[in-house]
Structures are given as structure tokens and as C-alpha cells.
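Below are structures written as C-alpha cells.
You will see two complexes here that share chain A, one where it goes with chain B and one where it goes with chain C.
Take a look at the complex of A and B:
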């Protein structure tokens, strides 16, 4: 439930919609962004730092345009994006399946918990080099780092979501002689859905981190690789371009999950209006 | 279809070894089409008894019968109502009511037609597409009643069905239930804390003892039917309620 509280804070749509007018809520964030850009431009115009430390926004914009035109940005974005999406797909699927099994079979939890907890408490950056040694510096190791980082929150949320299905509703399904499959599709899945979507929101952003961590260690393509490369050439504008692109990818993924949430959990917002 | 219970006993295994008696032995019979209430102190095993009759739990000893068939699991002839409305918040009112039909593989058209027929009886005509979160407690409980009635059960097991409602809503919905029952005449066993409710609705009131609950009184209610809320001011009502209260206090 921690995640869903967090997501309520992070997602302005879910906050008290009546308190502020829509245009104010759209306008103020845009204003803050604009002021930050202005501040950045002023700092560079004061020439306190050389351009290879803080390049002016204009340079960054030009660089963005240049790498967009010569196809490099798209090439690296594509590499990262495919690692992120595959990692997200694999990690979420494994987390859901194993999470469901653990929620249903306490014995499985007892036997797997030590491994899972020790893996989770180790920072992924610490063992990511191992994954690169084992799976090479190609896309596979990025998919695996991404999948691993996504796997844990999905697993945890699945266990919590499935275990918290109210017992009286289970009794109801039993009294109505529902089959196992019916109980799964008509009770467990929809009842756990709010927690699962909360987990997916976090996973979507984590998947990007996982892929970039993999690319940092060793890679020949991807935005993480582009950052390492540009940094070694003191091309700070290009570093910033790559960072912004990553931010955009993460934001779009998050937004897609929010769309899914609004569609699947429409009943929640309806109920909240009373 | 009547209900009968013979020497039903439930004993839990205590955590530190040994046993913890929870219920019984209990023996009673409910005639087909009669309305019986079960009152008793909390923790005496009333809800456990309902679960046993609903086929959700097996007794340690003794047997329960639906008609003359031993109960071995949930039956479609039995409708069970829970302590709160126990609705699925992600389903609309009509989909909550239609759930038993949906699980039984009835087509969407037939389901919705059945719900459509039922909604006016429940006083929910305009609420088919609402979500439970949009309903008041009393309305949610009506949806729960609808979900039970749509199965056309011959036996109703009601486990403190109005426990979560305020006093006024509770009175109103009890009278509504009485009307529904007068129409369909199911066999009803209702667990309740409320002596007035028990006397007003029932043909008989069974009183249970402290844990492990046993039947310590079986009090007939001789009020004429059809009954209405005003009957609670009658002599017969007062005397019966007094009798029930005295039996609980024993």
C-alpha cells in the first residue's frame, strides 16, 4: 500500500481535483520549468564555469538537433528502449508468476525468502558487472539487469496484493461454488489490481535505471553507453541530451501506466467522487 | 426445504496442544418455509454454525442436513449473506448482483434481464450501473440481498446481515426483508444481536449459551403475520422479547 500512497502524491490527477482550477495546475509546473531554464541560461552567461562543465541550454538544444538528424540519438534510444521494454516484460512476468505462487504457497515463501531478500538488499550496481561477464556486453545483459531490478517490486506487490484479498470475498466465491480459475480471474486479479498497478508504476521507472546501469558497465550502444562516451570526450552537451532523453523515456512509460490505471481502475475514481 | 442440525460440535486444536471447544453440541430443526433467528452472546459460535450450514466449514462431530441430504459443501439451493455487504468494489451494482449467475455460466443477456427484474424490488431501479463505493450502507446491503435472491435459493443463511447499518436503516431494511420473505417463503436462519429484530421477523427464536455455544432456549413468536414495524408496541411482542432477554441472561 506504500506504493499506492506514493503514487497518489506523484500523480496530480489523483489529488483533490476540485481544489484548484485545471489551468493553474498545468500552468504553474510549466512556469517552474521555464524559470529553471532561465536560471541555467543566466549562470552560463555569467561565464563562471567553462562550457564543458555547464554548457548553455542553447548548445544543448543544438546538440539535440544534431544527433537527432544524424540518427545517433535514435540508434541509442532504440537500443535502450528495447532493453527497457524487454526487461520490463520479463521482470514483471516473472514477478507476477512467482509472486502469485508465493502468495498461495507459504512453503515456497519460506524456501525462497532468504535468496530473494539477500538479492534484493544487494545494490544492483554491485553485481551488474557479474551479469556483463556472464552474458556479454550485448543487449542480453541489459535486459537481465533491467528485469532483475523490476522483478523485486513486482514480486512484493503481487504477494501483498494477492494476500490482501478480503477473506469474506473468498468465502463468497466458495459459497457460490466458483472454480479455481473463476476465483483467480473474477476475484484475485481485480482485487489485487490497484496494488499491481502501483507496482507497475514503480517498475516502469526502475526498468530504465536497470538498463542504463547495464550500459554503464559495458556496452556498444544505448543511452547509457552514449553518456559514458560523451563524458570521456568532454562533450557535456551530449551527456545532457542523453540524460534528457532518458528522462523523457521514463516519463512516457510512467504516463502509459497512468493511462492503463485510469482505464482499469475507473471504478476507484468513480467511488472517490462521493 | 428444511434444515436440521444433529449434535454438531466444533473443536479447534489449541496452539499449545489440547483442544478449544468452539461450538455445540447443537441440535435443532427448522421447518421448510419458516423464519428462525439465532441470538446469543458474541463469540458463542453463531457465525461458525452459519459457516457449517453454508458448507464452508466441516464440523468436528455431528451432522447438518439440508432437507434430508447431509451438507458436504456449498449448495446452490442455499443463499448466504455476510456481516457486511461484501460487494466487489470493482463491479457495478448489476454485475455484483449477477455474480452467482455469471459463475454458473448464464449468458450476459439472461443475467441482465434477471437483474433488471430484481432491481425495482430492491429499490435500486436507477442504480444498476453505480459502483458500490457510490452507495450508502443500506443500499449496499440491498445489493447484497439482490445477489442472494437472484440465485432463487430455498434456504437463506443470514449472518448478522444488518450489523453494519445504523438503527433507522436497519429497521427499514428488516421490514423490506420481511416483505421479500413473505413473497418467496424461503427457509431462513438469521444470526443477530438485536432481540427486537429477532422477535419481529421470526417464527422462532433460538438462544445460544456462552462459548462453546449450545441451544439453551427455543422461543416461539406467536405474532400474527403479515407483521409491520408497529407490532413492536404490542403485548405479545413485549412479552416474547422479555422471554428472549431473560434466556440470554441465564
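Take a look at the complex of A and C:
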């Protein structure tokens, strides 16, 4: 890895090839999206299914524009986004704290593992209706649904990240007489960060699923509610608009975590180029 | 030669109908929800051979209402049990479905409230927090119709989407009243109250929407293509369905026993099963005397009284749901649909903003396939 980076710096031809590759990598997602749209258009033109089952892209685009203009899309997006971000915040915080404690205290792992694993292996849709009964039909139940789905991957990645910090580095910190806080901030957090960020990437997309599941059970607003409403009104184009919006939210969240990753783990790429 | 030909012709006349009767049409009937006692007529029609007599080999498929309707509209399925308001909305959105049998003659949705909340009429709902499964479907249409019939709008009450959790949320005091299916949830809440598991609630009040507005409810639907290409099939399926409804109304004990073959946990008590078998046989004898509709209704009330003396509320809860539901099906002419109720439903949907275009309501339903009176 280091060698190829060095040779790219040294060789202008290879550097050009690298730039070209980067351009292709940036261009390919757009191309795939375009091909998907084209495929969708062809399917609707062939009338394999009636338009009320698969509406043409143009109908969906028109609907998108209409609900964007009348404010409905923003209203429901706001509700979902608020549940997603709150759920993500709560779930990640709890996952990090408990994950760290479990990584440090195996007894805690022994006591909590059965509960946590049972909770995780049960599909969220199975107990989401109970959350509505326990926490009410307001935003709290959606935030909790989202937080629960986010909690487990964060917890697991935290445990793995902290436990994978090489033993000799701990010995070194001890030899340097580092305090607990110094070991935590200067060694454990940076060393576990790549794994933690990996968990955050998964959590960010799962948070959207959690919030929408909550909205499917009971809600007066949100993109999950909009999908249910549109289905009950036989407005397939609106269902697709809501689904696309959810996909966009998930994509943006993922992109934000990637940006965070680049910022937080900049030291890694710097280390590779040395 | 002529004699041989005549013999062959005779043989064909005898054999061909026999062959077609031996190869019934495979058909899937879409129904919402999951297997439930409220679908008793379908189980009865299958078990008593109404569908097989009609040349139909029936399979049941459960799922979400909009999905089922879309499958029927697309011709992937041919028949389903769907709400009337869904048919209007679907037709307004280019789904060629037609309602051919009005199963529920009364709209099954209503409002339930613990008696201590002093909600007795629709007017008492003003300013109150009212739970609802969601702001869509029959529950939402129903509450809007009830409010409109009493000179109110949605803004006069606080609607709170609570999912299908009315008994729990009402008993926890999360809402003051809730929009429910009147044949089921009030009974569940009352049972909890009787067991002292519903807060301060000892009794419930029920406001029935069908008393305020005559709206179309669940019925049998098919698509325009099936009607055009195979009207005989539609007639046969409607007749079989009608047979199941009529038999369930006439002999609920028998209907319950048949339903237990499809719905889990209906018969947990052996003594209850034996009692139902005895009651079913007695009812068959009673029906042989050709009683009128009123006498049959009275026989159902008497049946419940007899069973209540022998069994506790817990054992009887699903049987009582069946009896409550039968009251919503029973009518002078089963399956018959009135244009007026379609107009009330469409008007409500327009008030809700769900229906923006004028819909040809007369094309949405037909009574043409009902069995002769």
C-alpha cells in the first residue's frame, strides 16, 4: 500500500492514471442511477405492469415536485429526520458507553449479553407496537425504536474496537505512566476509531429504518406515515416519492459519516504516505 | 352409423359436464388481517362445500388491504374482501375493481369510551383526545363521517394515532376514547374492566357510526376483466360466499366450530366444544322449522345466554365477537348494496381531501350477481 502511494507520487504517468480512476469512480454512481432510470422507463413503456403498479419515472418526478411545492414532503421529512437524528444520538451514545464498559469489564458482558442478544435477534417490528403502548404514540416511541436498532451495531463495534487495541501499546502507555484518561483519549479512542466509524456508518442507515418502522405502527406525520397514507389512497407515485426521500436521507447520513471518517481518520492516510 | 353418432353425442353430453365438474377452478380469495373469527362465512362456505359446489377450489390469502386490491386490479388475483371506501379511492386512481357483494351491511367502526369519561354521544367528543389506528382506512373515514353527521370537523377533537392498540391505550388512560371496530374492541376493554385490569373503568360506552351515517363497508370485490370474461364465475363465487354468510347467521355455533379449523385458539376448552356441537345440532333442528329472521336473531341471543351460564367471559370472548359481527352482516337481503351509502362514503372521502375527482359510483358496485331472492 505504502509502495504504490510512493510510486504514484514519483511517477507522473501513474498519477494521471490514478486521477482518471478517481474520475471514473465519481462518474460511475451517476451512470448506474441513469441506467436504473432508463430500465424503469423501459419497463413502464413495455407495460409489463399497469401504471398503477409501476408508474413511469416522469409521474413520480411530477409528484415529487408537487409535494415539494405544497410543503407536504418537507413536513414529513422533518418529522422522520427528527426521529432519525434523535434515535441515532441516543442509540450511539448508549452503545458507545455500554460498549466501552463491556469491553473493560467481562463480568458486565456475561450479565448483559443474553438480554442484548435476545433483543437484537428479535425483529424490531415484533416489539415496536409494544413501544407505542409503553411510550405513547408521539415522537418518543419512534426515537426509541430508532435508538434500539442503532444501539447494537454501535455496541458491538465499540467492544471489538476497544478490545482490539494491541496489548503492547497498553504496556507502552503504562510504561509512560499515562493516566486512565490519557490512555483512553490518546490510545483507546484513536485506535478504536476506524471500527467505531464503521459501526456508525451502519447505524446511520439503520436509524432511518428504525424511525420508519415506528411511523408504520402509529404516527400522524413522517415519511413512514406518508407511505401508509399514500398506499391507502392508491397513490403509488407518492409511495415511491417517500421511498426515494428515505433513500436520500440514508445516503446523506452515510456521506456525512464518511466525511467525519475522513476528518477523524486523516492521521491514518497521513501515516500511510510517510 | 347414425345410431353410433347419436350414442357418441349422448355420451359426450353425459361425460363432458361430469369432467368439468371434477376439475374445479383454482381461485385465491384475498382477505385482510390474519385468520380471524370475523371471516367465519368464508370458512363455513369452504367446509360446507359451497365453493366446491360452485366449481371453485378456494385458497385464502391474507395481507394488507391496498396490496390485495392492487393485485385484484392488476388481474393477479380475481376476488377479495375489501372495504367500500377503498373501492372508491382505487377506482378514482384507475384501478378497475368492482364491488359485487356487500358483506357488512352496517359500518363496523365506532367510538368506545370508558363510562367515567362521560362520552355518550358524538357531541361529547368535542375537545377530547381520541385514539385512532391511523389517519387512513375505514377508521379514519368513519370518524370523519361521524363528526360531519354531528356538525363537527376533525379539528373539534384531538385525534391521536395509536396503532391497533386501543384496548391497552384506553385502559392505560392514554386517550379518553378511541375509534375501534365495535364488534371486537369494546368487548376486549369490557372484559379487562371486569377483571379489574382497566384502571378505573368498570363499563364502556359505544357510539356506532352506522347510526349516524350509512356508509359502505367490507364486501366481496372482483375486477372488470373477470366480470366481462367470466360472469358465471362471479355469480358462482358470490353465491358460495352468500351461502357462507347465511349459514353463519343461521347457526353461529356451527360457524364457530368450522372457524376453529382455520383460526388458532378458538377452542381451548373441551367442554365448550361439546356444548357448541350440541347447540349446533339443536339449531339445525330449529332451522328445519323455517323460522323467520327475527326468530333466528332471538335464537342467537338465547344461545349466548345459555352459554354464558356455563362458561366464563374469557372462554366466550371470540364467540361473542362472532355474534356481534353477525349483527353487522344480517339484513333483509344479504349482499345488497344501496347507491345512497356509496354517495355518503364518497362525500366523506371528499371532505377528507382523499377524493379530488368525481367518480362514477354506479360503476363501483353491482347487485347483478346476487342470488335471486
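Criterion: the second predicted complex is superposed on the first by the 248 of 274 C-alpha atoms of A that agree within 3 Å, B and C clash if a C-alpha of one lies under 4 Å from a C-alpha of the other, contacts with A are read in each partner's own complex, and residues count from 1 in each chain.
In this text, a residue touches a chain if its C-beta (ideal position, glycine included) is under 8 Å from a C-beta of that chain, and two chains touch if they have at least 3 such contacts.
None of the values given here were measured: they were computed from a predicted structure.
Enquirer: Is A:187 contacted by the first partner chain B, the second partner chain C, both or neither?
Expert: Only chain B; A:187 stays clear of chain C.
Enquirer: Determine, under the contact definition given at the top, whether A:172 touches first (chain B), second (chain C), both, or neither.
Expert: first
Enquirer: Considering only the touch criterion stated at the top, classify A:212 as touching first (chain B), second (chain C), both, or neither.
Expert: In the superposition, A:212 touches no partner, neither chain B nor chain C.
Enquirer: When the two structures are overlaid on chain A, which partner does A:50 contact: first (chain B), second (chain C), both, or neither?
Expert: A:50: touches chain C, not chain B.
Enquirer: Which chain A residues lie in the overlap of the chain B contact set and the chain C contact set?
Expert: Correct list for chain A: none, the interfaces share no residue.
Enquirer: Report the residues of chain A in contact with chain C in the complex, numbered from low to high.
Expert: 49-53, 129, 132-133, 136-137, 217-220, 225, 228-229, 231-235
Enquirer: For the complex, which residues does chain A have touching chain B?
Expert: 166, 168-169, 171-178, 182, 186-187, 190-191, 193, 265, 267-268, 270-274
Enquirer: Under the definition above, what is the set of chain C residues touching chain A in their complex?
Expert: 64-67, 69-70, 73-74, 86, 89-90, 92-95, 131, 133-137, 159-165, 168-169, 172, 174, 354
Enquirer: Applying the document's contact rule, which stretches of chain B touch chain A when the two form their complex?
Expert: 51, 54-56, 73-74, 76, 78, 80, 82-84, 86, 88-91, 99-100, 102-103, 131-134, 151
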